[in-house]
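Data first, discussion second: the structure below is written as structure tokens.
The letters A, B, C and D name the chains in turn, as written, and every chain counts its residues from 1.
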Amino acid sequence: MTNYTPSEIMITSSARALAGERVVFVGVGLPNIACNLAQRTVAPDLELVYESGVFGARPARLPLSIGDPTLISRATLACPMPDLFMYYLQGGRIEVAFLGVAQIDRFGNINTTVIGDYQRPKVRLPGSGGACEIAIHAKKVFIITHLARRTFVEQLHFCTSPGHLSGQPGERAAWDMPGTGPQLVVTDKAIFHFDQETGEMVLFSIHPGVTVEEVQAEVSWPLKIAAELQITEPPTDEELRIIREELDPGGMYL
Amino acid sequence: MKIATMREAIARYVHDGDTIAIEGFTAFICFAAAHEIIRQGRRDLILCRMTPDLIYDQMIAAGCARKLVFSYLGNPGVGPLHCIRRAVEKGIPRPLEIEEYSHFGMVARYMSGAARLPFFPLRSYMGTDQPKVNPRIQFVDSPYGNGQVAVVPPLNPDVTIIHAQRADASGNTQMWGLLGVQKEAAFAARQVIVVVEEIVDEDIIRSDPNRTVIPGLIVDAVVHQPYGAHPSYAQGYYDRDNRFYLEWDQISREEATTLAWLDEWVYGVDDWSGYLAKLEKREPGIWKRLAPGEAWSQPVNYGVYG
Amino acid sequence: MKIATMREAIARYVHDGDTIAIEGFTAFICFAAAHEIIRQGRRDLILCRMTPDLIYDQMIAAGCARKLVFSYLGNPGVGPLHCIRRAVEKGIPRPLEIEEYSHFGMVARYMSGAARLPFFPLRSYMGTDQPKVNPRIQFVDSPYGNGQVAVVPPLNPDVTIIHAQRADASGNTQMWGLLGVQKEAAFAARQVIVVVEEIVDEDIIRSDPNRTVIPGLIVDAVVHQPYGAHPSYAQGYYDRDNRFYLEWDQISREEATTLAWLDEWVYGVDDWSGYLAKLEKREPGIWKRLAPGEAWSQPVNYGVYG
Amino acid sequence: MTNYTPSEIMITSSARALAGERVVFVGVGLPNIACNLAQRTVAPDLELVYESGVFGARPARLPLSIGDPTLISRATLACPMPDLFMYYLQGGRIEVAFLGVAQIDRFGNINTTVIGDYQRPKVRLPGSGGACEIAIHAKKVFIITHLARRTFVEQLHFCTSPGHLSGQPGERAAWDMPGTGPQLVVTDKAIFHFDQETGEMVLFSIHPGVTVEEVQAEVSWPLKIAAELQITEPPTDEELRIIREELDPGGMYL
């Protein structure tokens, strides 16, 4: 099957990375669709937790926001914010979380706060929301973003959420961060992992039809490339059927 | 008597320079209160909310605020908040001081304020630039030798405004759906205004004491304002008006269109009834479009003892 | 499959030397679990509860525990807990180490454990002798110069056992009435056993997501044990058996009568069904005596969206 | 009316002290009856809060414990323990609270923990429960206890809950205690207040038929006596009727 969109291969790549996972902290948009796809394919027991404080959601429609009322009706649990942050996230109950980025550096540190100087911003971005705590406490962090040179930067304008910091082994542990930090970056052109030793982003696979040069052109630092670079497995017919017919029949995100 | 009109409640409790929290995470955002504050021309407010959302975008565009305390600045699922960006980036209509936390940091500030604690600990901010731009974020060593922890100071609004499904005349308030941080924001406040879809008999409240989130004890005014959270929503009463959230993205891009909208929809009406009448005139089927179906909770038996 | 018999759940999750919390403030005290732990002969347990109540009085009389962590030692409304006093004052049946807090201190320890915080702050203990006999109570200065605050360290039981009205087969648990500190004790634990009056279809749980106190996510075993809290109670299901609380005051005054009671009512039966059968034989009308009338909550509409 | 019991004059004296109060933290037994009497007489707006986490209780029977199920059915609010201690008590919402004592000293400091040495106790008492926090945070503390020499002691064996500490002015404030501490001690023979300056217990009134000598005999330190010592107003017929017919028809506490 070659007839798929960039969003679709981002969704299927993310969904497959959830194989065997049990509890995922999910945002709306692509991560939401990826998690729902994983539930129907590689991770049938996957529990979806929304930052708004909802567990076991059974949305009757595709939610526009993580606070959509359709997420609450017929969910198994809806809790107040202090519970969510204290007992679920900081309590260590979240295995995987998805984060978006405005800027990301080679160590997976994330900026979602500001472009330019904090006091005199060129672009004022949303800020942390729950991202900083998610980046610290979720056992693993997956990042979904479009590949672009202004996003994959040498130097963040602001560090909102910690990745592998300066890449020193044990640095997260020294800061008492329970999670292992970013493990995966899924983009529209390629997938990145992180080197276990150096904490640095490594090109793991390129999507069909994409070249390493095209990827490097969108990354501001000289990319490390995996010894056995893969070609990303494209979406299967069944995955596309589920996405198009069940998860986003209106094509809202695709 | 705590029951008041919105005009009375805002006039009595919200003053220039006050620190105000109108909370509600996506749900239960009390636009009716915000519009009344704008109409009454309050100035120099310190506005606190985890997610400023359209409600503070409108208040800031109207020039009500001198400062914003928050943790996530966005039109959820749509994009940026253009008015707040204009204020932060260009000082339009006036410069806006900001004080910024993560979500958990804001939750912790309300908890600290509600619990009368000098600080509240959370494991966050390590290795980031956030403490560098917000000196209120500090770190404390555990006396047990088991690490360091971030702390934030209490947040005690002068007034917290909460929207909910129902309350009795004494202000005992019940909510269901997304409970957000409303309880904490209310207990942290010096004064509390509760705005509800329905004022019910005390017996309804007493039939389910675990459902009561805010006790009348801490409530100063109860305002009966059906649809008072539009375009946000009240679980089981009406849906979020996602169309308006998308529309606002267009309206708010320019200062002129924003002010024209405020003129028409806020200054141009006397009160929330006027706003609702305009809404219904523009889209006669609006409440039908936003009406949810029925999904009732299974009742539980508390028992009669005695 | 999480559904287990009490015998299986205790055999699998409760081991000699474990730190155990069976929580429930007056209500929902799971005597069925305690009796099974006694029958299975567990030893050297560290027992944690705000109010040790009759449940720990019985377990300590049976020699299960080496240490008690608590905040209020009494038979509520009746008098002292004689077995625990014998253990503390005279080392009968064995010496009992104690670690003592105030109620808020115990609540704070569970919260600290549940929230994975190195400590939890509370404004207590100042000017008292409590920190002198419990070095785990420490004080921390606020970095904001607004005072000093007491702190307590996390409490993380190996197993927390919670009694509730209902759960589904995945362990999503709903309670109403006195909620005590059960949620915090469960989240603080490495393993959680939930004991319920009824196992219900998931649809019942899903009809009221705000009523769910413990998510299946953190539950290891679900035990279906009607009347499992007797002589404590489950709101709306049966009353507290105050007669037994008064009776225990007599039974437990002497070691010999206590052991005779344990022989008859705990060791002398195979399981909780045996205990219930004995109870009903002794007092045929017992469940009628303890049956509450009906007082149903007013249902609320969560709405269908989509 | 002279035909009343010691418990009844303790109840009426406590109830009258609640005139004009708004929120009281109540235990079972005498304080419960006193608060209910106050609601029906001098403090119609009095809100009863139970330590178990219940507001606005409408008990259909006299509760044996503060966790009685009759307190919950038809209450206005039932909350978990963290809310009760964090937001209600520590949050400063409680105006008056009743405490019992095993030992009390002249400054109103309270022992409910142990008689004898803590490590080798002669009598092991219940401990703090919520008393320590109540003593620190409630705006005022009222104590109800029987007058006895072994209770009114020179030196506590253990300080569980702080009263006026060593009596130094400003000492509670220096410890950051929001409440004003003990204001009233009601016993079966007399009523005590506390000197605003010295924090010391002062004999305020003696019950009808009781002499100052009888009171002093049951107090281990030389008692300060109010300049204008009162005779306690005995229960009225109406108060006795409410207690006997409405609040404790079974005579459980009388």
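Here is the rule we use: contacts are C-beta pairs under 8 Å (C-beta built on N, C-alpha and C of every residue); 3 or more make two chains touch, one makes a residue touch a chain.
In this text the structure is predicted, and so the values were computed from the model without any measurement.
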| item | value |
| --- | --- |
| Set of chains adjacent to subunit A and to subunit C | B |
| Approximate Å spacing (C-alpha centroids) for the pair subunit A, subunit B | 29 |
| Geometric centre distance via CA averages, subunit D-subunit B, whole Å | 40 |
| Inter-centroid spacing, subunit C versus subunit B (mean Cα positions, whole Å) | 37 |
| Overlap residues in subunit B, where contacts from two or more other chains coincide | 111, 116-117, 122-123, 147, 176-177, 179, 183-184, 207, 210, 235, 239, 292, 295, 302-305 |
| Touching two or more other chains - residue numbers and ranges from subunit A | 54, 68-69, 72-74, 78-79, 90, 178 |
| Pairs of chains in contact (touch as defined earlier), listed by label | A-B, A-C, B-C, B-D, C-D |
| Partner subunit B, residues of subunit C touching it in the complex | 116-123, 138-140, 142-144, 146-147, 149, 151, 153, 165, 174, 176-177, 179, 204, 207-208, 210-211, 235-237, 239, 292-305 |
| Interface residues, subunit D side, partner subunit B - complex | 23, 47, 54-56, 58-61, 68-70, 72-79, 83, 86-87, 90-93, 178 |
| Complex contact set, residues of subunit B against subunit D | 111, 114-117, 168, 170, 172, 183-184, 187, 202, 205-207, 209-210, 212, 215-218, 302-306 |
| Residue numbers on subunit B that touch subunit A, as the complex places them | 25-27, 50-51, 70-74, 76-78, 80, 84-85, 88-89, 100-105, 107-108, 111, 122-130, 133, 147-148, 176-184, 233, 235, 239-240, 242, 245, 292, 295 |
| Interfacial residue positions of subunit D with respect to subunit C in the complex | 28-29, 51-54, 63-69, 72-74, 78-82, 85, 89-90, 113, 118-119, 121-133, 136-137, 158-162, 165, 171-172, 175-178 |
